[in-house]
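Both complexes below contain subunit A, partnered by subunit B and then by subunit C.
This part shows the complex of A and B:
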């Protein structure tokens, strides 16, 4: 293999077909068995990965009667249609549950970012002997599996009084301020809070690593100019952290959107569920129309996919954020 | 002025404020009229697991009918899907449940009744019990002798088949074990899977265990075994597995990877000859969208095994019930309405209204109008009413943790993987698992 990488002018075009000087000539690339094997392997992996997705799309486009009569592994005899999507949109009230999800996710993301940036700001911009311990605590909390605390948490939720200050009613939606049963249990706010609690650890970890790259001189000069701590946080540091905040917001959105567990355990009312757990409503006591479930699951996938396409840049930024220390 | 509020003060103020709002909100319900144990008007709430489209519509129709019959009682329904409702029932009943809820009879009802999570309704039952047969009356009693539920619908388990397949091959319905096995042999010769079995989800095989144990060892032994009063190492259990192993060779191939719906598809597509399942098998036939197939669906009771217990004609016929919770925050205010609701659902006319939307649920009340029943339903009513003993299905008659995937579901899959095995060690595992369970 090594002789291919002798950097002689004559071999350059073979390795780097795009290099200047050869632009006019037809490009020839030697096809090597290793390369063929690699591409076959990659192709097979792509097919393996995409197979379930395409299977779900295919199922969702078939009427269930067709699957019953001919089996799920068969060509469609009655043609494909969007009938399952129509049914799921109306029967499962998909739009209603999208709104439920937003009611939980949007305040959740904003609160998490505010709180996490405060902690990260204090622990990175000011010298305090517990800086490291606090950061470690937040990171450690991130590693706690949520399932282990579910029993005590259930009782905490059942015994925490929350004020009932009326509700905001928009057509068939009724959003309580803050609790319609005077408890934390079975409330949107309960789900928002538990998301904030569990995501703050990770967000603090990432944001503090980012804030370490901001020199302390900026904070110090703002102090000299007479800004108080809150003002430095809001007007100086947060604007500088915009890329980090955007990346975190996209990540947190997908994390909270994908949640199934908390909503299932801490909500009792079927009509308060976010879309992920509401998909269960498509299953009956015995009978399950799997084609309908496939259609519902694909509809539920759309918002995170949209977010990913629109904010791709931030996703990638989010992956490497804080990977190097300042 | 000192406004130095502590955290407790803030909480107190918030608490009183919300209490005041709550009392003000309750003040609206002044149109309640009480007569005896029931009350008209007012409001109540219902936790429902009916998410199948038909059952959901039926529940709504039933609630609307109740509302207009009971002076406009406002009923708030909380619908949660069946699976989640069952998985969370324990935390649901201990939290802030609705006033009334949909549930099952059998051990599952008695368990929550004995934990003090259900309200006894002996007074309602006294008013409606003349509308029920002995079997239904026995199914709603708790361990303490009080009544905790109103039975509203049921469905039987039996051996389903297609009439046209039987006619085409000249098969006759087998009434005893030898005829049943001979039919299996013939079907196999004719290229059919004699008996569809689809046990991916673990529970369908329990139906076969139930019926063979009932026929071989009788109702009393069966219920004692499922509640731990007889050991799983008993030779009578060994006999059940031995009997069962005589027909396992006729089962669907790869049965541990098939869902019950795929099993039903085998019957529907004339690949399989028979299928031991509940009446809900007809749901899959309906979903096929061809009424001609549904018309061909028929069933017969499991064949006799030549024991003294054949005369019991016992079978699984799970009964669905309505119950009242205990910890509902609104129950003390709504008790009259909730009891009126329980009385209402015990009426034949109410149950027929529900059945019209959800035809898999056969009414339990004696005064239900049976004239509209299609043949399949009428036959189901007939075999259940001729049964001298009715069981509720393995997972409703036994502890949930014992009948679940780590317990009996797993053990039966192990048995079906190698039916000719000596079951002594498997039965030992069952006993050891039962003994390892914490007291309920």
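This part shows the complex of A and C:
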């Protein structure tokens, strides 16, 4: 499994002996036309790829009056400013929606990793009759389009009684324990639950892929030493899976942060929405011009972009763990 | 959980040595587990499995059952609600939005399969070499993958907007008054959002494929080179066959993405007027005021049946190596 990490761009091995062999020869300084063409092509693609983002940033930094006066393609006459960000940040309550999102995503990621690692541990370290079927159920469940299950799920959410034990209030923000309407519907915990269950399918598959490379003898000798399975899972197997868990955490954070559909259907109150669906709501009423839209959209993508920049290695590892097998 | 070691110690002393286990496999492995261990395993698998069955597979089955009813979402489902195949009959013959939505999903799939996915693979092949700046290129192409499709939709609206959008302005269509309504015109808006969706899809495929390429044993290529194969020949006759497992994953990812498409069409215009998709019809019929749950479920079943293709392909190729 360490092999997966060799696939990462950061540790790219020199896998072209031919190229490396040329390096020692005197002609290596010669500019190769093929290489130049390659860089030109890739450079053009990069420009094309970055342009929509660049354009969003540029739009977001212009006051709308300036755009109206000079058209959207023009040099900024009045200079650039953060006025659009200021407006969106304060009037559209962006910080509040960040909190909403994190309240869903952080427990979601932790619970998913706990459940998925339990299942993966039990399915890969012990042989029992149905372990393959269990793995298939989890994996296939994650591949279903969410729309296939949404209407019955909506019914389940409307018909599951949940205790109402007050709430944790921090100024304007209120986290219900566990439901403020005695249902799963329209609750943070409802959204957390469906994220956890849906993503456990994916995480179980990836973690099983990882754990099957851990020899069963480790578990067996721990059993002989008198540890019970829960303890082996927690203090023997999980530490061994740290790289996979880090990769999955990064990926799951992004998946859950970016969700739109579950929150659209399973939440009703505007003040419980995570940032992606909040943006959609703002579209009609608040986003009176495109420069504000740009600022709002960019504010919403700051967290995942930060994660990407800081943890790119884990992110890519998470995506490829599931797909490449040693 | 409480004091595990003391209560289990006697049972364990009867267990055979670990060395003996390796040879006698299966049956004996269980003797190493105490009753408490077995109970724990049952819980560790059982709780997540129960949730999975309750919230994923139960609803899947319920969708199938509901598709044979005319249930409107109110009250219990009774025998009187059963209408047999009527929903399907109307879906295929009477519902004017079904075939457009179906073909939009097909176009989505075809676009990803023949344009976006090959472009991602092509970029991966180009970037899979010792080259200055390859990491920067990779990061740039990969960047949109971390963004949600909602944000992608917003970012591309800035390109497509009729008056303020970049595209109409840069081609002078605003000045000449020949505005193209990229997102409003039902003949082109599907392709406009496919470009936006591809912006994200290409990077995803690139990174998956790059990982696959790096797992190809370099000596294979070296051997092909020594034998006088060109780079193109090497790719098609040596690299591609070795990459069969990753190719399956790419096919599956592409198909699933096309079937799941929802967010971007929904935020652009709620999936109307040229952007109808099966997923959107399910949402509109079974969750809007119309509350045609039975009928919406029939569309869900159609989507389910199509999805089973890539799902079964994926399971049959990956499960052999698991567990």
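Simple rule for what comes next: the second predicted complex is superposed on the first by the 284 of 326 C-alpha atoms of A that agree within 3 Å, B and C clash if a C-alpha of one lies under 4 Å from a C-alpha of the other, contacts with A are read in each partner's own complex, and residues count from 1 in each chain.
The criterion applied here is as follows: a residue touches a chain if its C-beta (ideal position, glycine included) is under 8 Å from a C-beta of that chain, and two chains touch if they have at least 3 such contacts.
Source: prediction; values computed, not measured.
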Superposed partners subunit B and subunit C on subunit A - clash or fit: clash
Which of subunit B and subunit C A:294 touches, first, second, both or neither: second
Which of subunit B and subunit C A:281 touches, first, second, both or neither: first
Contact breadth on subunit A, by residue count: subunit C or subunit B: C
Which superposed partner A:75 touches (first subunit B, second subunit C, both, neither): neither
Touched partner set for A:224, first subunit B, second subunit C, both or neither: second
Subunit A positions touched by subunit B in one structure and by subunit C in the second: 71, 154, 264-265, 277, 280, 283, 289
Sites on subunit A touched by subunit B in the complex: 63-65, 68-69, 71, 91, 154, 158, 161-166, 179, 181-183, 185-186, 264-265, 268-271, 277, 280-289
Subunit A - residues contacting subunit C, complex: 3-4, 6-7, 9-10, 12-20, 35, 38-39, 41-42, 45-46, 49-50, 52-53, 55-56, 59, 67, 71-73, 115-116, 118-119, 121-124, 126-128, 131-132, 134-141, 143-156, 193-194, 196-198, 200-201, 204-205, 208-209, 212, 217, 220-221, 223-224, 226-231, 233, 254, 257-261, 264-265, 276-277, 279-280, 283, 289-290, 293-294, 296-297, 300-301, 304-305, 307-308, 312, 315-316, 319-320, 322-326
Subunit C residues within the subunit A interface of the complex: 1, 4-5, 8-9, 12, 15, 17-18, 21-22, 26, 29, 32-34, 36-37, 40-41, 44-45, 47-49, 51-60, 62-63, 66, 73, 123, 126-127, 129-144, 146-151, 154-159, 161, 164-166, 169-170, 174, 199, 204, 207-208, 210-212, 214-215, 218, 221-222, 225, 245-246, 249, 252, 256, 259-260, 262-263, 266-267, 278-279, 282-283, 286-287, 293, 296-297, 300-301, 303-304, 307, 310-311, 314-315, 318-319, 321-323
Subunit B residues touching subunit A - in the complex, by the definition given at the top: 11, 14-15, 17-19, 21-22, 49-53, 55, 78-84, 88, 91-92, 94-97, 260-261, 265, 268-269, 278, 280, 283-284, 287-290, 329
